Structure formats: C-alpha cells, structure tokens
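The following pair of complexes shares a single chain, chain A, combined with chain B in the former and chain C in the latter.
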Partner chain A sequence: MLAYTIKRIGLGLLILIGVMFAMYAAVFIVPGNPARAALGPRATQEMIDRLTREMGLDQPYLVQVYNFFVNVLSGNLGIDVISNRPVATEIWEVLPNTLILCLVGLGWATLLAIPLGCLAVLKRGTWVDRAASLLSVSVISLPYYVVAIYALLIFAVQLNWLPAIGDGDPGDIGSQIRALILPAFAIGFTWVGYLARLVRASMLDVMGEPHIRTARAFGVPEWKIVTKYGLRIALIPTLSLLAVSLGGLISSAVFVEVIFSRPGIGKLVTAAVNLRNYPVVMGTVLVMTGIYVTLTIAADLLIARIDPRIRDAFRGA
Partner chain B sequence: MTALLSIRDLTIDYAGHVQAVRGANLDVHLGEAVGLVGESGSGKSTLASAITGLLPIGARILGGDIAFKNESVTSGRKQAQQILRGDEIAMVFQDPMTAFNPVLTIGDQLVDFQSRMPGKAREKYARAVAMLARVGIPDPALRANSYPHEMSGGMRQRAAIAAALLVNPSLLIADEPTTALDVTMEAQIIHLFRELRQDYGGGILIVTHHLGVVAELCDRVYVMYRGEVVEEGAVDDIFHEPRHPYTRALLACDPARLHERAGYLPVITDAERATFMQARPR
Partner chain C sequence: MPSGVLEILKRVTRDPLGLLGLVLVVIVIGAALFADAISPYDPARIDVLNKLQGPSAAHWLGTDQLGRDTLSRIIHGARVAMGIAVFSIGIGAFIGLILGILAGYGPRWLDAVLIFFFDSLSAIPLILFALTVIVILGPGTGTLIFVIALISIPVYGRLVRAQTLSLRRSEFILAEQSMGASLPRIVGIHLLPNVLGPLVILVSMDIPTVVALEAALSYLGLGVKPPTPSWGTILNDGYVSLRTNPSLVIAAGIPLVIATLGFTFFGEALRDALDPKLKGRRAS
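Up next is the complex of A and B:
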C-alpha cells in the first residue's frame, strides 16, 4: 500500500512537471510579448526589455522551465507583474475559497446522489425509479454555467434571497455561507444527475451478484444488504469514474467563480490570462493541477481502502 | 412421522415460457438427508430456491403448496418464507467463489448472517470463529479476519457450511455444494457433511447432479427430469433397482459405476429421451 501510494505520488509529480513544460511551451507559441502586454501600450522599448529580463523571458525555454521548478522548490512562484506581490501569497489568499467551493459543491451532490441512486434501485421499475432517472438525465444535460447564471438571476437578482457576487464579509461566517450557497449549488447541480446514474447502474450490477442472494438467504435486513453489501461495492466504480471527472470539477469552479465574481483560483487565473500576467498563470495552473492530482490520488486510495482485492493487488505491485 | 418440509404439486414457470418445475412432490423429515438429483436444467435449483422464496426475477409459482412444519408458507402472507431464512432454514450455495461478499471479512459476514439470532455482535463473532474451527478451517481466528479472496475454494465452501450451521437451522439446503470444487475438495466436503450429520438433528436437502454425493450422504433421493420428479425412494433401493428408465439411464452414465473401462463415456441418447416422457415407473 505504501509502495503504491509512493508510486501514485511520483506519477502525480510527473503530471505536474509535464503540465508546466506544456505551459511554458504555450508562452512561446502564443504571439505577443507578455512584458509588453503587462506594461500597456505606452511603455517604452527600454521598459519592456527590462521587464522581459526580470521575468526571465529572454532565457531559453528549458532554462525558464528549470528556473521555475527551482523556485517552486523553495516556495517561490514568482512575482505578479501587475501588483508586484508574490504569486504564492496571492494564491494562498484565495485557495481556501476555491477548495471550500469544490468540496461543498461536490459534497452536497454526493450526499444527494447516493441515496437517490439507491432509492432508484430499491424501487426499481416503479415511478420513483423513472422519476429519478428523468431528473438525472435532465440535470446532466444542463451545463453548470447555465445553472450558475439562472441561479444568479432567480435567487439573487429576482428574489434577492442570496448575494449575487463576492464571498461574503470577512469575519462574518453567516454572510460567507450565504455567499457560498449559489456557487456551490451551480457546481454540484450536474453532479447530482451524473453521480445518481453512476450509483444506480453500479448498484444494479452488484445487487444481481450471488453474494447478495446469500445475504438474503440468511435473512440479513434489506437496508443492510443495500448499504453494507451493495453500496460498498457499487462505490468502487463510482469513485473511479469520479476520479477521472475531477478535472471537470476544477474547470467548473473556474467558470462559477467568474460568474459570481467570487475570489478564488479560477477568478485569479482568468484575470491573469486576460492581462498576460504569466507568473500568476503559471502559479495557478501549477496549483490547480496539484489539486487535481491530489484528489485523484485520494480517490484511488479510498478505493483501495474499500476493496481488499485492490489493496492486495497493490501490495504485489 | 410428520414432514419438516412438504412440497405438494409444485409448479413454477419462468416468464410464462419454461415450466421449470411441474407438479413436484418432495418431503424432508427431521434427521434425514434427502438428495435431489437430475441433470443440469432439470429444475432442481428452481425447486430449492422456491422453498425460501428466493426465486429469480421472472419466476412464478403457478400451483401447488410448500409447507414447513405443517404450515403452508406459500399460500398465506408473503413474509412467511422470509422469516424462515437464516433461522429455520439455511442455505449453502454452489459457487464458493461468489457466495461471499468480496469486500467484507468472512467474520463480519458470519456475524451478519446471524441477524435472526439473539446475542451481541461480539458473541456472534466468537461463535463464528468456533464454527469455523468446527468445520475444519485451520487458524479460525485469523480466517475470520480474512477476505474471501484470501481463502481457497474448499476453505470458502467450509466457511459457507459454517455459516449455515451457525443459525442452527431445522432444515439445511445445499445446492450443488461440491460442484465447483475439484475431486479432492469434493471428497473433503462430503466427509465434512457426513461428520456433521453425527450431531445435527435437522433435515438436510442436498441438490446435486452428482450421484456419488447422493450415495455417500443421503438416506432418500428424488430424481428430477425436465421439471418432474420421476422417481423417489431410499438411496439403496434406487441405486440397485431403479424403476424409471431415466434413473436407469442416469445411473448408467455415472463413471464411478462403470465396472469395466469403457472406450467412451456413456450418454443419454435422444432416442432414449423420447421414451422417458411417456414412461411411468415400473
């Protein structure tokens, strides 16, 4: 298990390194000088040259990437060319916001989707099952930005129940929670349908397996069969698919943060891209990839925790 | 002697197509081991799973009655069969590979399987460990803590038998308990059943297509062919003097009963089959 974890983390680091190489290549490919973009149209050539040197943009590609990683290892993600503040500090300020948003968004969706999927299986073929299926499909086909915009228009603008923008007043937990509701709702919405369908499909598979029949033959209560004997196994394919789709979660966080003007990694990176603020772009991409890789590893380790067969396979690996 | 289990004229079909069981009669008495034999597809499993109401989706009981301890369990409330499960009746299934949940330890499952029994989880666990020892599993405390995939097929089938014995049932139904095992394992499991019969007072119904198992374990035997019980009697009688032509044909195909080495394994031919349907026992 330890060996497997180390292997997975190693693979995660490779992904991070690969992504950063690709990002630096993109800087070279995309036309326009970042230093000129940062300084605006009235900058002199001299100023541009100086900033280019400061940003290390005059260095060869590989040297730039190398310098970036050396700096990262010492916790230095570079300096924001607009605000002149350390990128690491800027990210650190908004990172909790994004993490909470992702966690709450995915969390409420999971908490709703698992019982929904189980219910559909228990009431298989009845109107409950059909209603749950219909709900799932319609929810899946709605993109999160549409959900976000409508949620904002209805609940914030029309009804004025919840704030439309921002992340709440500093120090006021109540207002922060209220500011979180709509963005988290928008992020989780599609996931409810997606996860409920996954849970239903894998539960249907599992509930047909012979060991379920054994449990029934011994009079184990049906709720226990569903939750302990069925769901545990059904969660394994659900988690694997979830791990694969986590990239979508992070990108949806980006959109939602922009729509709700909510401070976070997503808002930071979009603003930085628009301004060609490369150090910030590089830093945020690194952190977002890091989050993605960490969540994927967490999902895999969770699967291994649930399934002893996988655990044993890893032990051999 | 009143019957523990009494099946009368039971008829079951699958989604209106196959009549898997046709007018079957079967009795099991306390202290008796009864065999149910017949080739694959003759309706044995369908009959056996009907007893506890565990028929697959699509199966329907069209007629007849199943009575347990003189009370009908099919004509009254639906729960009548459910409350027998894991209490009065325990089952051992064919494939020990898939009979246990792969993500739970054997001990955990053996505790859950005693859900109809009184006692705390810790007591049930202790009983489970003791029963694993009883069915000949070495190092039972360790095994209770193992997952199914960490055990061999024979070991798992022993654990399945332990599960059934744990609920101290009046009737133990074993559907092909040795079919998935190799010959050595099969011999060991047969031996285990014989040994267990010494101090088990309930009835046993063993479903198998293997005549050897019946010869070794059973007092009486029912022979099924195409959903019908075609012959019934004491094992010795039927093995020595089969009356129904199907039983004779079945016995003739058993490799263990061939006295000389044949060039080929005898099979039941289609021409023979045609005669079974009209045939009445002599």
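Up next is the complex of A and C:
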C-alpha cells in the first residue's frame, strides 16, 4: 500500500509540475509582452517597463521559471495586475464559496441518483428501467447553463421565489441558503443522470457474481441483495469514475457562477480572462488543477484501500 | 464493419430514440447546410424599430436587442456550431489517432511519454484549460477550434491506444508479423480499419459535448465573435434582456436542447447498432 501511495502521489506531483511548466512556457510562446497585454493599448512605455520589472519579465527565462516555482511553493501566486492585491488572497476569499456550491450540487445529485440507479436494477427490463435510463441520457446531454438560465427565468424572474443573483447577505444563513438553491440545482442536474447510469451499469456487472447468486439461493429478498450486496461493490467503480469526472464539476461551477453572479472561482477567472489578467488566470488554474489532482489521488487511494485487487495489479505492473 | 450505411441506419431507426435522434440531427444539419435558403431574414439585418419583440407572424421567434430576427440567427448559428464541431473534432481525432497508434504500437518509452502527455492535458479542468489558452491566444473562432481539438486529443488518443494494444497481441497481427509484413502494411491495412470503428462511435458521441462547449465559451464572449451568430451569443443576448423580453432567452435555449439531445440519442443508437459490446459506455 505504501509503495502504491508514493507512486500515485509522485505521478500527481509530476503532472502538476508539467502543467506549471507548460503554462509558464505558453506565455512566452506568444508574441508580445504580457505586461503590455495586461495594461492595454493606452499604457505608456514607462508603465510597461515598471510592470515588466515587477513581474520579473526582464530576467532570463530559467531564472523566471525558478522564481515562479519557488513562489508557488511558498504560496505566492503573484500580484493581480488590475487590483494590485495578491492573487492567493483573492482566490482564498472566494474558494470556499465555490467548494460549497460544488459539494451541495454533487450532494443532492448523489442522494437522488443512487436510489434511482438501484431502482433501475431492481426493475431492470421494465418500463421503470427504461424511463430511468431515458431520463439519465437526456439529463446528461442537456447543457447545464441552459438548465441554469431556464431555472433562473422560471423560479427567480417569473415566480420570484428565489433570488436571481448573488450569494445571500453576509451573516444571514437563511438568505445564503436561498441563494444556493438554484445554482446547486443547476450544477447537480447533469450529475443525477450521470451517477444513476454509473450505479446501474456497475451494479449490473456485480449482479451476475457468485455471492449474489448464493444470496438469492438463500432466499434473501431482491431489494436487500441490491442495496446490501450489490451497491457496496458497485460503489467502487462509481467512485473511481466520479473522481475522474470532478473536473467537469469545477467547469460547470464556473458557468453557473457567472449566470447567477455568484462570487467564486468562476466569476474571478472569467473576469480575469476578459481583462487578460494573466496572474489571476494562471493562479486560479493552478489552484483548481491542484485540488483536482489531489482529489483524484485521494479517490484512487481510497479505492485501493477498499479493493486490494487494484493495488496488487499496480505492484505487478 | 457491418455492410452498408443503409443497414446501419435501419438498425438505428429501429430504436424509437434513435429515430428521434436521427430526425433532430437531420434538422440541425439541414439548417446548417441550407441556412441562407431557409432563413426568413438576413441574420445580420438590424431593425432598431422592432427590437426585443416577442414571437409574431413576421418574426416567429421574435427579435433581439438590435431588432435582428431570432429564428434566422438560430438557423445560421447551426452552421457555426456544426462547422466548429466538424473542424475541431476532425483535427482532434486525426492527431489522437496518430498518437494513439504510436503509443500502442511504438516502443514502451514513447508509450510512457504519450500517456503522461494525455494525463497532464486532462488533469486540468476542461473550462479552465480553455480559458488559459484563450487568455494567451485571444478569443476567436480559430482559438476555439484549437482548444477543442487539443482537449479531445487525449480522449481519442487513449481509446486508439487501448485498441491498438489489444490488437497488436491478436493472432492475425502476429501472423502478419511472422510472415514479414512491413510496418506500413500492418498499421495501414490491419490496425487502422479495426481502430476506426470505435473511434467513429466516440466521435459521434462527442458532438453534443463540443456543441455545448462552443456555445458556453461564446456565451462568455470568449468564443465566436459577434456579429457572427452563435447559439451561445444569442443565449447571452437573451440573458441580458431576461426581464424585458424572456421569449428571446427561451428561444435561444431550444436549438441547444435539440442539438445535444438529438446527437446524444443518435450516438447511443449508433453505438448499439455498430458495437453491442460497448453498450453502456459513454464519453465523459
């Protein structure tokens, strides 16, 4: 287990370093000075020179890469060229908001999808199964931002039940929860279908195995077999696929935040892209990639802990 | 490959959802191909006197904030969406095919390097990756195609690699090798046709994702530039006038729903028709 853990973490770190290198190199591949791009067409040469010095762009490339790595490792992601505040602080301020949104969105989707998947397996081949799978496919393919905008139009603008924008008043938990409902609904929507499908598919794989057959022979009721023996094993592949797809969750959070004007990573980064604010974009991408890589490693380790076959397979490779 | 496109279509349409998918796909592709002929108006014609109108006999889906006909813009948006999808997926699939075969059939170190490349590319959350490239290259249709192609390379590359790996140990390839067949012959005549089938299925199932991504980035003003009509920019126009004229945003969502559902239903039925073994699998 230890060898597997070290190898898995090492690979994750290597990927992160690769991403950092690629992003830093990309800025230099493009013609033009990033400082000039950040300041816009009306900047004077003096302003550009000053920012170039501040960003360390006048130093040799390798020195810059070295500085970049040292800074990132010490938690310094550079300075926002527009607001002049540290990028790390800006990210830290809005990150919890985004994480809460992702967690609540994924949470309600999971709570609904697992029973739906079980139901489809219990009633497999019947209209219930077909209806559940039709629902899953439709829900997966619908773009979440269209869902978000339609939900906004119906529940916030027409019915006026829930707030259309923002994340609620500071200190007022009730208004914050109300502001969370629509965005979390929009984010989780796709996942209901995705997860229900995963649970159903991985459970159907399990249902043919000998221990299930034995349980059936003992007269254990079908619903108990599905929930107690089937679900437990089916959760392993579900968990691993879930981890791989977490990047999609972050991506949908970006758009949902923009649509609902909800402070968070998505709003921060899209505003920065429009202003060509390099440090903020790079910092955000780095932090989110770091979180994503960490989560996939955690999921892999968890799966290896639950399922010894996987770490054995890795040792043999 | 099963014989004949007609036979495949027959099998796809036997599934009611497949038939529905095919109909929707034909509508979208038809709109893209014959946009100029079927649009009631010029999509760029500005008519400020009739701005932000609801649906009427003259404008079936109403008009936007510049008085442009929404239906005409949506029809022309189909051309933009399909064009970008075909180009970007085509480039991505082509490069993915080459890299996948290289990884699967080449030396082990090359396989390791390419797998690392695929893993790194897909380690960045998709939208953030797209935003990074856009901030560096600047927004526009070219950047959009480049980003989508780049994102899809690992997906196709991995599939082709897995197929190639399992094929290179199969008996007919080993037999060819022992008879001294040349490398181009093995790759071109034996590997390629066997790899293409699954690749086509994956590509057809990727179209809704790419259409949704193009509209998403255009919605943010980071994809197709106005005045070119994209479903994403129309949706954003509708979002801006959500309170004054909700019919615009409702209309703008419909083509996205039609296209994504249509291509998904069609892709699923196509997969079941071509390769029952893959049933239940899906591109994520």
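The rule is simple: the second predicted complex is superposed on the first by the 287 of 317 C-alpha atoms of A that agree within 3 Å, B and C clash if a C-alpha of one lies under 4 Å from a C-alpha of the other, contacts with A are read in each partner's own complex, and residues count from 1 in each chain.
Keep this in mind: contacts are C-beta pairs under 8 Å (C-beta built on N, C-alpha and C of every residue); 3 or more make two chains touch, one makes a residue touch a chain.
It should be emphasised that the depicted structure is a prediction, and the values quoted were computed from it without experimental measurement.
Applying the stated contact rule after C-alpha superposition, one finds that A:Pro210 touches chain B and leaves chain C untouched. Of the two partner chains, neither chain B nor chain C is touched by A:Leu111. More chain A residues lie in contact with C than with the other chain of the pair chain B and chain C. Using the contact criterion defined above for the overlaid structures, shared-chain residue A:Tyr145 touches chain C, although it does not reach chain B.
In the overlay built on the shared chain, the residue A:Ala22 is in contact with chain C alone; chain B does not reach it. In the superposition on chain A, A:Ile6 makes contact with neither chain B nor chain C.
Of the two partner chains, neither chain B nor chain C is touched by A:Leu62. Using the contact criterion defined above for the overlaid structures, shared-chain residue A:Ile165 touches neither chain B nor chain C, since it reaches no partner.
No residue of chain A touches both chain B in one complex and chain C in the other. Considering their complex, residues 11, 14-16, 18-19, 22-23, 26-27, 29-30, 134, 137-138, 140-143, 145-146, 149-150, 152-153, 157-158, 194, 197, 201, 204, 241, 244-245, 247-248, 250-251, 254-255, 258-259, 269-270, 272-274, 276, 278, 281-282, 284-285, 288-289, 292-293 of chain A touch chain C. Interface of chain B with chain A (complex): residues 52, 54, 82-83, 85-87, 90-91, 93, 95, 98-104, 109, 112-116, 147, 149-150, 160, 163, 167. Touching chain B in their complex are the following residues of chain A: 209-211, 213-221, 224, 228-229, 232-233, 236, 306-309, 312. Contact residues on chain C toward chain A in their complex (touch as defined above): 17, 116, 119-120, 122-129, 131-137, 208, 212, 215-216, 219-222, 235, 238-239, 242-243, 246, 249-250, 253, 256-257, 260-261, 263-265, 268, 280, 282, 284.
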